[in-house]
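In what follows, structures are represented as structure tokens.
Here chain A shows up in two complexes: once beside chain B, once beside chain C.
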Partner chain A sequence: MSKKVAIVGIGYSGFRTTSTDVSYREMIYEAATKCYEDAGGIHPQSIDSFVASSEDFMEGISIADEYVPDQLGAVLKPVQSIAGDSLQGLASALMQIKTGQFDVVAASAFSKISNLSSYENVLSYATDPAYIRPFQENPYFIAGLEMNRYLYETGTSREQCAKVVIKNRYNALKNPTAIYGAKIDMDDILNAPPLCKPLGEFDKSGHLDGAIVLLLASEDKARELTDHPIWITGLGWATDTPNLDSRTDTLGSARYAELAAQKAYSMAGINTPYNEIDFAEIDDTFSYKELQHIEALKLCGPGEAGELLDLGSFAPAGDLPVNVSGGSLGVGYLHEANGLHRVLETVLQLRGEAGPRQLPGVETGLAFAWRGVPTTTGTAIILSNKS
Partner chain B sequence: MKEKVQVSGGTGLSAKDVSSGKIFVTDDSLDCAYAWDTGVAVNRYLAELKNGRIIATECRKCKRIMLPPRLFCELCYVPSNNWVYVQDTGVINTFSICHVHWDASRIGEGEKPHLPAVIEIDGASEGMGIMHLLNEVEPDQIKIGMKVKAVWKPEAERTGSINDIKYFKPIE
Partner chain C sequence: MAILERITRNIDNRYWDPGTKAFPVKNRYTAGVAGQWFFEELKENGKIYGSRCEDCAVTYVPARIYCERCFKRLEKEKDWLDVGTEGEIHSFTAVHRTKTGEEKEEPSLVAAVKIADGLLIHRLAGVKPEQVEIGMKVKAEFKPKDERQGGIEDIKHFKPL
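For the complex of A and B:
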């Protein structure tokens, strides 16, 4: 990679199911203040540019990017909004620094999903008006279709998907920011009310309000601002066709994840991901997604994720811990802030600041975010504490 | 040298082609409901409007008295939780005389134009105030710099809304 870029500051506010006591401005201000303090107390006047990620429909404000500047300290500064997952926003911030025109760039995202009382409608409006919407199905049916095909193609079992839920919600018990931590067993999950079979109630993650702000800096600036820069060594993203009935591969696979990771690995010079990556924070919006994504990210062979899960490979003490934070199933789902949440947890591990869930001796982490149904967009990032 | 580009035939579409079903369209109307958390600053602002008062916050660094009130100064980037009451009078900073409704339809014969105005509130820092509406004034009489005062809804009708002030009208 040409110019080295590091994450030098992290800050968050939340995470909880409602946040009626603060406005989105006040919530983001708290996250940004923490982030800037974390980066040596930098004043936003010294930050060159700001990238926010949001989806207008979620917020109920069209052209929501115009409401970004105040709470980030970005008034009269270069500000850009990305209508996408916040890991795509982080990609944009990274590229701005790599142009050589900017040295310090902030990336932010938030969720106030509790303010939206018709979430299913918004989700539904993301489906094709001519092909899909006339059926008037709850968009989770897409997850049902994907899961069914994934199980069929790989021989992965329903029980193995349930084990993802058990693992992640148990991991979450050690994460003070996680609100869905629980010790649950297989029967709880298999006997839960079905949503869109084979997907059940426990197979999906719960909503969360919260804000996350990260600060990125070029190498020289990074060393000025912090003693523990976390380097971005690789990043990639990809979007498949939206067609449910004619994906480039099949509904059972996640080609977007494969291609995003391919790009990220090649930038980072990673040839054997399973051996070179110490741990991963991988999208688990739905239980099967974690296994499907692990395979697409080439952390194991096709159809092997379920078996490796059985063997404990993805547990905190396993060969390749996945979602030690608790993931979206254990922490909760932050919508467009989801990607930055994955990065936040990866940075905490690489800094050795993950408290009771800290993994020993980790140097390289992978974070992967998917934008949720009905999207086919995924972003992968490789982070390292070694320069 | 210019050569005229020949546009080949083709048939234009009319509204009738659509309404008669010759051209297919997919109809949908979006149904979304939101309840935005106002948070600390806006909540207190609205609560005080319900009381018939306008409250602002002061930045402890630049000393600006800020309207609408906010929990942080966006320029100094420091918390600002020093609350101060300001007047319900001020001067017109700018205004417009609108002959169209919000949906761009023209106002009817004899209907009064809408009069949005930015009012710099007495007691707040220069350039800070309230975006509101003017009334009890002829449009051609409005001037930038004109002194105005809030006309409040009766107490029983106030709900904690920017509309608890009905409008501003000229004084003197």
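For the complex of A and C:
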């Protein structure tokens, strides 16, 4: 890498199922103030550029990117909006610094999903208008198709998917920001109301409101602003075809994750991810997705994730802890802010600030975000506390 | 820099209700050159068309006018072909919720039906959810010609052979 870049500030607010007391912009303002305070009390006037990730329709306004600046202190500053998961926004922030034109860049994202009365309608609107939308089906049918195919191709069991839910919601009990922490049984999950079978109600992560702001800086600036910079050593993203009819080979797998990780690993000089990564925060929007993503990210062989989960490999005390934070199943689903949430939890671990869920002696973490149905976009990032 | 005030009683909360002040967003979506031809074949002839890229040895279903792998143009006269009305279930799901999330009285069966190298997403009928299997052979059942409108629902559903 030509120029080293670190995460030097983290701030978040909300992490509640409803938040009627603040507007989404106030929620971002709060996260931003905490982030800037965390980065040595930097004033936004000293921040060179701002990247916000959001999706029209979710905010209750259109052309939402024009509503970005003020809550970040970015009025009359360079502002960029990314219509995608916030880890893609973070990629943009990273690249801006790597151009050499910017030294300090903020990345922000939020979810105020409790304001939306019909989320499924928005998702449905994202499906192909001519070939898919006419059926007027619940858009989670795509997850049902994916899960069924994944189980078929890999021999993973329904119960192994349920164990992801048990693990992540249990992990969440040690995370004070996690709303969905619970000790939950196999029977609870298997007997839950079906959604799009084999997907059941508890296989899907629950909605969450929240805002996250992260501050990135070039090496010199990073050392100036913080004593604990967390270095971005690799990053990559990829998008598979948006056409369900073309996903004959990939309906049951996550090729986008594989390609995103390949790029990130090669940038970070990682050859054997399973040995070189200490822990991972991996998209678990749906239970099967965590297993599918673990395999695609080459943290085990194809079809092996379920078995390794049975053996406890992905538990906090296992060989490769996955979603110690509780993930989306345990903490909640933050929509376009999911990517930054993964990074936030990875940074807390690498700083040694994860409290009761802190993993001992961790140096290298992987965060991976997926944008949810009906998309096939994933972003992987490697973070390290060693320079 | 901080938020110093908080609303601490629900009763003090106010929200703006878009239900009363919303404006309808309406738009059209053109099916495009490929969509137009594909849906016309469904409507007029009850045929499902795919398009083949010889270079990639892939037959797309529904047909389209370019190969997404090699980016070559696929011409109707040369590369389009009737792929028949039978396929096999590549994956399926029993959908228990309506589009907006309410519980359905009866689940609907949605399948990805593999025809040539493509997946046609459609409804399954004439079979119970517990009887469906991946790999099962199915056949498209069309609506009567006078009811077809030139859309994906000109196929009523797929049924096991």
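In this text, the second predicted complex is superposed on the first by the 386 of 387 C-alpha atoms of A that agree within 3 Å, B and C clash if a C-alpha of one lies under 4 Å from a C-alpha of the other, contacts with A are read in each partner's own complex, and residues count from 1 in each chain.
Assume a contact is a pair of C-beta atoms (placed from the backbone, for glycine too) under 8 Å apart; a residue touches a chain by one contact, two chains touch by 3 or more.
All figures in this text were calculated on a predicted structure; none of them were measured in a lab.
Looking at the shared chain after the overlay, A:Pro374 reaches neither chain B nor chain C. Looking at the shared chain after the overlay, A:Gly306 reaches neither chain B nor chain C.
In the superposition on chain A, A:Pro273 contacts neither chain B nor chain C. Measured by the number of chain A residues touched, the leading partner among chain B and chain C is C. Of the two partner chains placed by the overlay, only chain C lies in contact with A:Gly252; chain B stays clear of it.
Of the two partner chains, neither chain B nor chain C is touched by A:Gly365. When both complexes are overlaid on chain A, the residue A:Thr241 reaches chain C alone and has no touch with chain B. Using the contact criterion defined above for the overlaid structures, shared-chain residue A:Asp21 touches chain B and also reaches chain C. In the superposition on chain A, contact of A:Glu146 is made with chain C only, not with chain B.
Of the two partner chains, neither chain B nor chain C is touched by A:Gly11. The interface of chain A with chain B overlaps its interface with chain C at residues 20-22, 26, 29, 33, 60, 115, 117-118, 121, 129-130, 134.
In the complex of the two chains, the chain C residues touching chain A come out as 1-3, 6-8, 10, 13, 15, 18-19, 29, 31, 35, 39, 60-62, 68, 90-101, 103, 107-108, 110-112, 114, 117-123, 129, 134, 151-153.
Of all residues in chain A, only 20-22, 26, 29-30, 32-33, 36-37, 60, 115, 117-118, 120-121, 124, 129-132, 134-141, 144-149, 152, 193-199, 241, 243-248, 251-252 touch chain C in the complex they form.
On the chain A side of its complex with chain B, the touching residues are 19-27, 29, 33, 43-45, 57, 60, 69-71, 73, 75, 112, 114-118, 121-122, 125, 129-130, 133-134.
Taken together, the chain B residues at the contact with chain A in this complex read 26, 28, 30-42, 70-72, 74-75, 77.
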